[in-house]
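Single-structure report; data block below.
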Amino acid sequence: MIDLSIEIGGLRLKNPVLAASGTFGYGQESADLVDLNALGGIVTKSVTLQPRDGNPPPRIVELPAGLLNSIGLANVGVEGFIKEKLPFLRSVKTAVIVNVAGSAGDEFLKVVERLENEEGIHAYELNFSCPNVKEGGLEFSQEPRVTSQVTSLVRNATRRPLIVKLTPNVTRISDIARAAKESGADAVSLINTLVGMAVDIQTRRPKINTVTGGYSGPAIKPVALAKVYEVAKHVDIPIIGIGGIMNGRDALEFILTGAAAIQVGTANFIDPRTGEKIIAELMDFCQRNGLQSIRELVGSLRI
Amino acid sequence: MTETFDRRKGIYDCPILSVKNLSGAIYLMRLHSPAIAQSVHPGQFVNLKVNDEFIPLLRKPFSVCRRDQREGWIEVLWKIVGKGTEILAGCRAGELLNVLGPLGHGYTIRPELELAILVGGGLGVAPLPFLCEEILKAGKKVEVFLGAKSEPELALVPEFIEMGVEVFVATEDGSVGNAGLVTEILIERLKRSLPQRVNLFSCGPTGFLNRMIQITESFNLEGQMAIETMMGCGFGICVGCPVRVRDPRPGERLYKLTCIDGPVFDAREVILSD
Amino acid sequence: MIDLSIEIGGLRLKNPVLAASGTFGYGQESADLVDLNALGGIVTKSVTLQPRDGNPPPRIVELPAGLLNSIGLANVGVEGFIKEKLPFLRSVKTAVIVNVAGSAGDEFLKVVERLENEEGIHAYELNFSCPNVKEGGLEFSQEPRVTSQVTSLVRNATRRPLIVKLTPNVTRISDIARAAKESGADAVSLINTLVGMAVDIQTRRPKINTVTGGYSGPAIKPVALAKVYEVAKHVDIPIIGIGGIMNGRDALEFILTGAAAIQVGTANFIDPRTGEKIIAELMDFCQRNGLQSIRELVGSLRI
Amino acid sequence: MTETFDRRKGIYDCPILSVKNLSGAIYLMRLHSPAIAQSVHPGQFVNLKVNDEFIPLLRKPFSVCRRDQREGWIEVLWKIVGKGTEILAGCRAGELLNVLGPLGHGYTIRPELELAILVGGGLGVAPLPFLCEEILKAGKKVEVFLGAKSEPELALVPEFIEMGVEVFVATEDGSVGNAGLVTEILIERLKRSLPQRVNLFSCGPTGFLNRMIQITESFNLEGQMAIETMMGCGFGICVGCPVRVRDPRPGERLYKLTCIDGPVFDAREVILSD
């Protein structure tokens, strides 16, 4: 029997395949399509302190091999999450990772404090790709200083594994990953969406309401792999790889490059069973290559 | 609305039974899908992956146009407007198509209904044949109003006639039926005598639906309309398909989601924008 | 007659469609396929002080809607360029923009000094996406400071229009564009390739020899547009838009977003006539929209 | 090599005249292209855009396998190994294919040549029929050696026999011809009597070609071989197709480009690596 289980900064997963934040709702929406118990874990839609309505439409536009979105962190807020969403998640036999977002460091802290005593949460993932109101809208993880600050703040408020999710829209992502590590993050997950844009030449308007938005899907995979490689090379911290993963081959590219686990994002919109399929493909790959454990593959790229 | 829909959806590789080019760029496809045929409600939709490629990346949503529970098929009607609909038009009987559905909140047929007026603008006719069948089955009276730019854009008229309902047609160029907008002949009709409990069931482009909202209000009727927005997933996980709630009460959400709260909404419930 | 001509920082172009550096050789290679005189201009393959052999293979891998390359600035060197390539370019009735690269600021200076008295050159484009040996391999335009320094250096050595070509692999490209402007650049061109990576899961090796390489093609267009938008919004300098432009519609997206001209890169590999086709499509778009000049479109996005 | 090739290339939308599945995953396509048929040399290739999409993004290079100048067609032979070759296999007669060519530096047939030995490893047979025809036209003697994993992988044997040349076959599994590698039967042949001026013309995978380099040297013959590398453009502008020069003199380039300096190189000229 091949062992797909892994451990990331204190978080034990039965396999390295997670559903990415914002692409799997709170689990329940796909429950009739997916065997949720099969997944390594579910990362929730970003939770903020107050409920948020999100941005006006259009929020989504399809591009060649990619997707551009500007959802605007529409979510039920931390109280709504605890009341309406968490009970179902507790019933699922998989790791529940609550993704936390905010417009200021404070907000991250308050959400985590509110969640800390709730049962059935296995880890937090901090969405440091949302705009920091104090810093003129720069994303939190675009600055090592801000990354450190907010990571420390939250670190002091929780004993649960703490994952910092990084934006790719930076000069050197390894600097940010190092800042997160040194401030107490147990792992980093990357990448969040690239800043992207599309224009309707007939109407001469941007195709999404916020002009620029988050670019995801197969088109960003090469960028995501390069970012994972950079962090793996320069910082000693467990990595969760994200970006354009559509199948087991994609997942293996990330694992070989140094990711201990991966998250499936946009692919869930097309087939919410992608995670399950990837698990089967990983199993199969290990089998065909005579491996005992998926862990033998992590970072085993031959340079 | 009170009826609760069975939300159990599935993903199926469905054999294509037939693809017909009805006229111009308009196509009708029949898919073998007993599970969906069984449980789908009028106004619900299916989300089709037109190929196994990354272009187009997403599924494409289409209303269920007709279904046969006994034979286990559903039909979708579409017009070629881009790559996805073009690829669909190139599909052949015998091939498999990956279908996610049934999805969304459909039309509600109230027990107390006396007359159902179905109004389709352009390809908005798509969900109406199925709806018509179900209303007739419920023993209610149906009148159908269809509008299109021009005759070749007018689909499914014979299908309604076959069901034995009255069909009123308007084309903008007058190539068939009344010359003008379908909403104009609808207004003429509404000015004439009506039973107590009339429901307007509509589907079509935004401009048309906004007119339908006005008509629903000025005649003080109940109206249900199926709307379209961009969709990332079709089942509530991407939050990419918001539609503005008309008068949100304090604490209420500003947006509903077309894919799970809709695509059928009460005409007084939402604000449509392009 | 519609006027497609534009002027960018003193450089007059008969139309806004240029061939991008490294994707059109030195013009001659496509001469039997393309009407070179029809193009707004040709940007040469990067020229360095000494000839360079470039990187070992594999240098190229095809990805969904994109291309990953690590050519390694293979080129004939400035003397070779003057002797073997420039005479042909002089015979073409289009703007000749020599793209200059180097591993240190000095090298840029020397190449420009050597070229300055050669006839038939209409502008320079500085490739600031190549690794700066002094800064541990960081690209020149990943640092505003380095961008300023090298731009000033070259500015003092030439009276020709000076274009600085920017890397997208930065946190805030507008900061870099501003540094270029303030140091005397007449225009900026963007984007160069994104850092990307791909892994062969069978051999467990990177698919190109340098592990990470330059990602180009349709997949990067949304990122390129967002970068052009950022610069157009924050810095008052003419912009040449680059990235995944395959046809006239793509070119128009860039122009509406604020690019005064555009460059066609990867598309030339598939169809070296892409530039010509875009010119026709721009003409047609202007006609159908009742425009006198393409200039009316530049930056006319409705927000 | 002294012969200069006409480098005038073109881009053509060529009607597909036929697509034949020769066996297993091996296909032969005939394209109407008078201009290319007219000017192409053996060993040159064409670069095909298999669809109008971004996936696959690039053109795909294929050797010209045969041509008819009078009828104005060329043929390409391929095996399905990925998406591009699969799409090609789905093409139908009557459709158009966008072709860039002829490209590259082909084989040189020297006036003083007495015996040409053509050696194809697997699909490396592709350029050899055209080459064979031209050598025969020049009035020289030809012998053909073909190797493959197994019989279904062995293509075009009847075509060579029709040309009246001797064909020697080896398959790794012994399903047809000699059991073993084609290079082994070639060595046996070379040990027997040979005329003065023998040329080895080969094409095939890297392992095979490396063996051909050894053979060329140990028998002290002249060898020309067509190699394959990844190609970004096929006509010299991407610099993505380098091949190592064996003993570059000081000041000489370290790499040549497969697409314009090759794909045919002297066996002593380059170092092949995977």
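Per-chain residue numbering starts at 1, and chain names A, B, C and D are given in the order in which the chains are listed.
The working rule: contacts are C-beta pairs under 8 Å (C-beta built on N, C-alpha and C of every residue); 3 or more make two chains touch, one makes a residue touch a chain.
Keep in mind the model is a prediction, meaning the values are calculated, not measured.
Colleague: From the centre of chain A, which other chain's Cα mean sits the farthest off?
Modeller: D
Colleague: Taking each chain's centre as its mean C-alpha position, how far apart are chain B and chain C in Å?
Modeller: The mean C-alpha positions of chain B and chain C differ by 48 Å.
Colleague: If you average the CA atoms of chain B and of chain D, how far apart do the two points sit, in angstrom?
Modeller: The computed centroid separation for chain B versus chain D comes out at 57 Å.
Colleague: Indicate the whole-number Å distance between the mean C-alpha point of chain A and the mean C-alpha point of chain B.
Modeller: 36
Colleague: How big is the gap, in whole Å, between where the Cα atoms of chain A centre and where those of chain C centre?
Modeller: That pair's centroid distance is 34 Å.
Colleague: Going by the contact rule already set, what residues in chain A reach two or more other chains?
Modeller: Expected reply: 63-66, 218-219.
Colleague: What parts of chain D, by residue number, touch at least two of the other chains?
Modeller: Counting only residues that touch two or more other chains, chain D contributes 54-55.
Colleague: Among line, ring, star, complete and other, which one matches the pattern of chain touches?
Modeller: If you draw each chain as a dot and join those that touch, every dot ends up joined to every other.
Colleague: Considering only the defined contacts, which chain A positions touch chain C in the complex?
Modeller: Spelled out, the residues of chain A in touch with chain C are 63-66, 68, 138, 142, 169-172, 194-199, 201, 203-206, 211-212, 215, 218-223, 225-226, 229-230, 249, 252-253, 256-257, 285, 300-303.
Colleague: In the complex of these two chains, what residues of chain A are touching chain B?
Modeller: Touching chain B from chain A are residues 22-25, 29-30, 32-33, 45, 51, 53-54, 56-67, 69, 71, 74, 217-219, 246, 266, 268-273.
Colleague: Please give the residue numbers of chain B that touch chain C in the complex, ascending.
Modeller: Contact set of chain B toward chain C: 54-55.
Colleague: Can you list the chain B residues touching chain A in their complex?
Modeller: 7-11, 49, 54-59, 100, 229-233, 235-244, 253-255, 260, 273
Colleague: Note which residues of chain A are touching chain D in the complex, please.
Modeller: Counting only chain A, the residues touching chain D are 64-65.
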